[in-house]
């Protein structure tokens, strides 16, 4: 059996990668992807823990979370599409009329 | 006496304020009635007041927010009653004086009434929660009076006034909380009841000296700002300069008195339990306010600003008298509150009338107005004389009581006051009087006439009251004397040992 | 029976005040006759009371509670009754005179209202039974003085003089008030058990407790009370307002600034004489200040050309005599009160007379400047002769009232010296007497004698003005001789009514004389005042009359520094007004204002500016770029993590 | 105890009703042209659910296998959510009148409300997360609803920030689950007491990040000003008043149930966060020319004020739990939440009226302070309501804002955090500056246009909020009692 710590390490690595991407990328789609990576790192955690624990709560949680992630992606893309229509770009660095 | 007299006295102006606000045309008549009724009630209360007792009278008490120990408790004793009378008298006279106000008159009169509500509430509330609510409510009408009807820098003045005094109120509130959370009733409940909490401050098992001193500082600060005492006075001249006449009158005659009232109602009962250094502190601040305020007034070019600083100077006597802790001085300090309330009305009304007739308040630009405004000149002169402490008027009685009563405990401070304050006070009053009223009339003022009869009327009534209380102070000082005794009692032994 | 209506002595003039101020505008002569009648009624009442109490040597005392530990009351004792008589009488004369003098002035009603108020206040001052009430009326007469000096308020100089008078006397009043407070506190400390109806500040109580109050406190109280008297009675150094006060109508000068109000200071010292007597050095200060003032003012009287100013300095000088007369009481005891009061009463008559005459002249001639007069006697016989009567008595011509009263003071001052209390008062007094005679007749000769030096109006005043002049002149000349001795004893024994033991007080005061034997004055001392008085008149005649032998230019010239300093009035204006008031006091005020704006309010504004400015830079964090926001979150999390980790390790944050 | 269907209906009737209504409205929306009906439908549904919430039995305990609970705390918040939604719907009646897509607005609003209500009831991290996400997703869409440029920018920032926070929170939850082996909050708490390690800390921090985002606590607040400013104003009202409060209820549940166990003085770290939050909110708000943005920063400051409740509980817990102090602190925080919900909604709706007015006159910068000049005469009802809301926000009696601040000051003093109380007071005074400035514009400046007809829906909404604000201010007893019992639930 693969030791739990490896799963957790994997999840942490994914989380870090996602976070790094969020801080460095400008493109809206890439940011969305990074968010998905973050969510999935949590899902890996949940599933892995659940496998080592005497209950299935984590797996259920992961299922819910996957569903929610999908919905979130739907909303997110909808926003980005309209954004693109209005601004002609999804480079988020340039969209900063609201500030200060 | 009708039941619930105090509640009625507070409620009627409130209702009248709403009516006046909604009914623009009749606003001033509503305001007149709405302030006449409280006046009648307060006079009736004065009649029926047991003048030999220092217990709370006409008390009403109802549960309000029992979950946090808040009650609606109001009552009157010798500390509050004179100020209630002052409030009702001044309020109606301000309505009369402002009879000609055309600009947004419905709002104007509604605010005057709302101010009366707040002030009466402060002087009667016996629950800290209620007290604080009224204390804050008073800010609102004054803010608008300055803000809407004020002078060129009204924004600055109104906001400064509001924030400065609000900060002080909040600090006071935090101190009140410290009292509140330190004490439980025998039933184990919290209470905001003012008298209970103040009495509890004497119990060193509940309040450690350290804690009590911190609480005391907070409360004192709150009241010093309101009074205002040097160095927390700078909001006052700005507010006065910009405020309309009615606002200035209410501000100086009633709002400042709230600070003094807090001093007698809340701070002084705590004094026996805190460090005696505070007494010295109060005396020092009082004297500095008197002398420094006087010099400040002397240096002013704007008549109204001068009057404003004279308020700072005069309110210093309240602190001095309170700090001296003899029956005569405390009674004098209370009477100073009352008398300054009347006198300052005349002064601010004078400044206001000059402003709207001559079009300026800069002293050097005025001259010879007595020539065209003889009646007004007489009234203004009477006000100025009263303010500089002329015997036969109430200001003298108050200042004499404070000084004579304070000398035993605070000789140096009294001497500084006498020599540093009184002559200067006379100086700026006379100087302003000479520049404004006397000398040859300036050409541009040849068309002036005596102001409207309602202005003359309200000022005349005030002058008559000033003279009446100057000649017959006992009418009201007897009550104050009775009220002063319990405040001073704990100190008679202390003073004898020369601690102060 | 009259004494039951004693309160009306004050009440009637107040009524007159109220009536004239509201109705005077509609009455002929501004309702002046109301004031005259009220004052005259006061005189009748006073006289009635005098007749009642004089034979049995009684006093009248009525009192009621006022507020706190103070009372209001009426006390008519010998000291008070003579003042009451004098004030009501002189005021009646002056008010009558004013009916003519003020004719045609648009403010006539106001004049008589204020004059009525003044009369009331002055009378109230006199018959007060306690020090506080005395102070109250003291201030009220000050107010009336202010109002009446500034009666012609359209004239800037009048307005300014009024203010000056009020302020300078206020300085004295402040000291007076301080004295009262000091006295009151000392009395409170005694924990006296007062009998029913007695109050702390009543004179009776004060006299009774003098022996109980610490002597050093007594001295302070005496000095402070005397400070009040100095202000009110124009003693050095607070005399500067009095000459300026001549800006008011001449009747005002006569009434307030010669006959009545300015004597209040003397009256105060007389009233509190036991206290001064008991206070170590108390009387000495009074004596020296008084005598110095007498001389100092007389020197300035010598060079003035304004007829009223000469009289004003003369008044200051004579008040100095009265003070000195009281001050030398260290030697004479309460007798000196009688002496001084006698001079006070006499002076009131003749100084009122002189002022009214001057007023009559000014009224006719239309100028104050004596250089533009000359030879007025030809046109104004009655005025000139009555003024001559006044001048004679002021100069101390033998057998006139002024002669007796001033002579007695000078002699008393001699005894003061002879008994070892200091010669200076005597020296000052005798020199001042010479100068008095000189400037008085300089004035008379310059005005009435010689040739007209300008083209002035020439007509005699109406009889309503001349009548009072004649009556006053008679009193000024002939009152002294018959009443002198009785007066001294009647007033001098005033304090026996209160059981004041002067011997005991003298011990406290440190001027107890073992053998209270009467010093015998040498003959030369006795006749010296006569010589000096007559000599002075002759000197004046030699310089200024039609028998002129010398020219003033022979004694002094334009460049003479002494003359300059006198004309400049010892540079008082420069010191008091230009330097002290405008530089020092106003300077402090300006500095205070600067402190207030820059430091105190500056701090408040600075605090708000800092918090607002803080926000101004902080808002730049909000760049509007989403990645930066996320960075902030990550950084924030990291910081929080560290903080909580530290906390969990027990590090106090 | 087993519960029947009827019990479920009585306990979760409001949620069920609103969910059903929302689904129904989607269907109706497909087939009807006159969509103005939708507003009234949702209005009716919300009123009904208000009564259902008030009528729910708070003694039945947990339902759905111990994942949800109906108690005083949940009902307290549900009342807030439903009432806020109700007020926003009233405003929307005017705002989206005759708009072709208005059905979607109401549906989203109802879903968001349901999501918040689920969060209020949940005692399990799974339900909590689901409710949280339901509310978030709906509001993301609402923020972009008008499809104008700034709406989209606002929605984009909101969405990215929100989804990152959700992800962090989920990551934190996953760690908590792994450490304790359970998803039930109570059991997580029990487990944390036994094994407290660095991993727990990290987990907690991630959770805090998630809630902090909704609460708009520094440094998780940065989306808030932009989103509040850019969103349609009535959506902003809903975000500030509803969504934000959801963050608080979630934080209350997780932080208290799971974290009361932490024995060390973690609250000091939180206290610093709170201090920074309120100070930053206030000092930056002073600089804002846009009233909406100003209110947004004020909302940040309020997050700081309310979060004092956490600090107070932490302080009360620092030396053995002092129940009275903790309960006091919590109840105070709840009272301020309650007050803030209504006054902020009201204030934003008033801002919406002004924006509407400015736009209809074709002005630029419809939210700018200049638009408020002379509002007292141009739109007297709006101005008066705004006046009261602003006074309430500044803590002037007798208003809901005052009661909340009053109690919170008290509890801060009570727990010995005098410095925090003083800072709170000074901040509150500072905030007066920008509130008063708006008032000055409304009542002092000369109006720049004629009097306008105020849209009825807005007026209804504002007056409703006004009544509640004053009611709480004058007769707080019932609310205070409710808050105390809600606080008691959290503290067992």
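Letters are used for the chains, namely A, B, C and D, taken in the order the chains are written, and counting of residues starts over at 1 for each.
The working rule: a residue touches a chain if its C-beta (ideal position, glycine included) is under 8 Å from a C-beta of that chain, and two chains touch if they have at least 3 such contacts.
In this text, all values refer to a predicted model and were calculated from it rather than measured experimentally.
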item	value
Which of A-C and B-C has more C-beta contact pairs	B-C
Farthest chain (mean CA position) relative to subunit D	C
Distance from subunit C to subunit B - Cα centre to Cα centre, in angstrom	36
Approximate Å spacing (C-alpha centroids) for the pair subunit A, subunit B	65
Centroid distance [mean C-alpha coordinates] between subunit C and subunit A, Å	96
Between subunit D and subunit A, distance of the C-alpha-averaged centres to the nearest whole Å	26
Contacts with 2+ other chains: residues of subunit D	156-157, 160, 164, 225-226, 287, 430, 433
Multi-chain contact sites of subunit C, meaning residues that touch two or more partners	608, 619, 622, 624, 626, 630
Multi-partner residues of subunit A (at least 2 other chains)	22, 31, 92, 96-100
Contacting chain pairs - touch in the sense defined above	A-C, A-D, B-C, B-D, C-D
Footprint of subunit D on subunit B - complex, ascending	64-68, 129, 132-133, 136-137, 139-140, 143-144, 147-148, 154-155, 158-159, 162-163, 166-167, 170-171, 173-174, 177-178, 180-181
Complex contact set, residues of subunit D against subunit A	125-126, 129-130, 133, 137, 140-141, 144, 147-150, 152-157, 159-160, 163-164, 166-168, 170-171, 173-175, 177-178, 181-183, 225-226, 229-230, 287
Subunit C residues within the subunit A interface of the complex	619-620, 622-627, 630-631, 634
Complex contacts: residues of subunit A adjacent to subunit C	19, 22-26, 31, 92-93, 96-100
Partner subunit B, residues of subunit C touching it in the complex	65-69, 132, 135-137, 139-140, 143, 146, 150, 153-156, 158-160, 162-163, 166-167, 170-171, 174, 177-178, 180-182, 184-185, 188-189, 581, 585-586, 588-590, 592-593, 596, 600-601, 604, 608
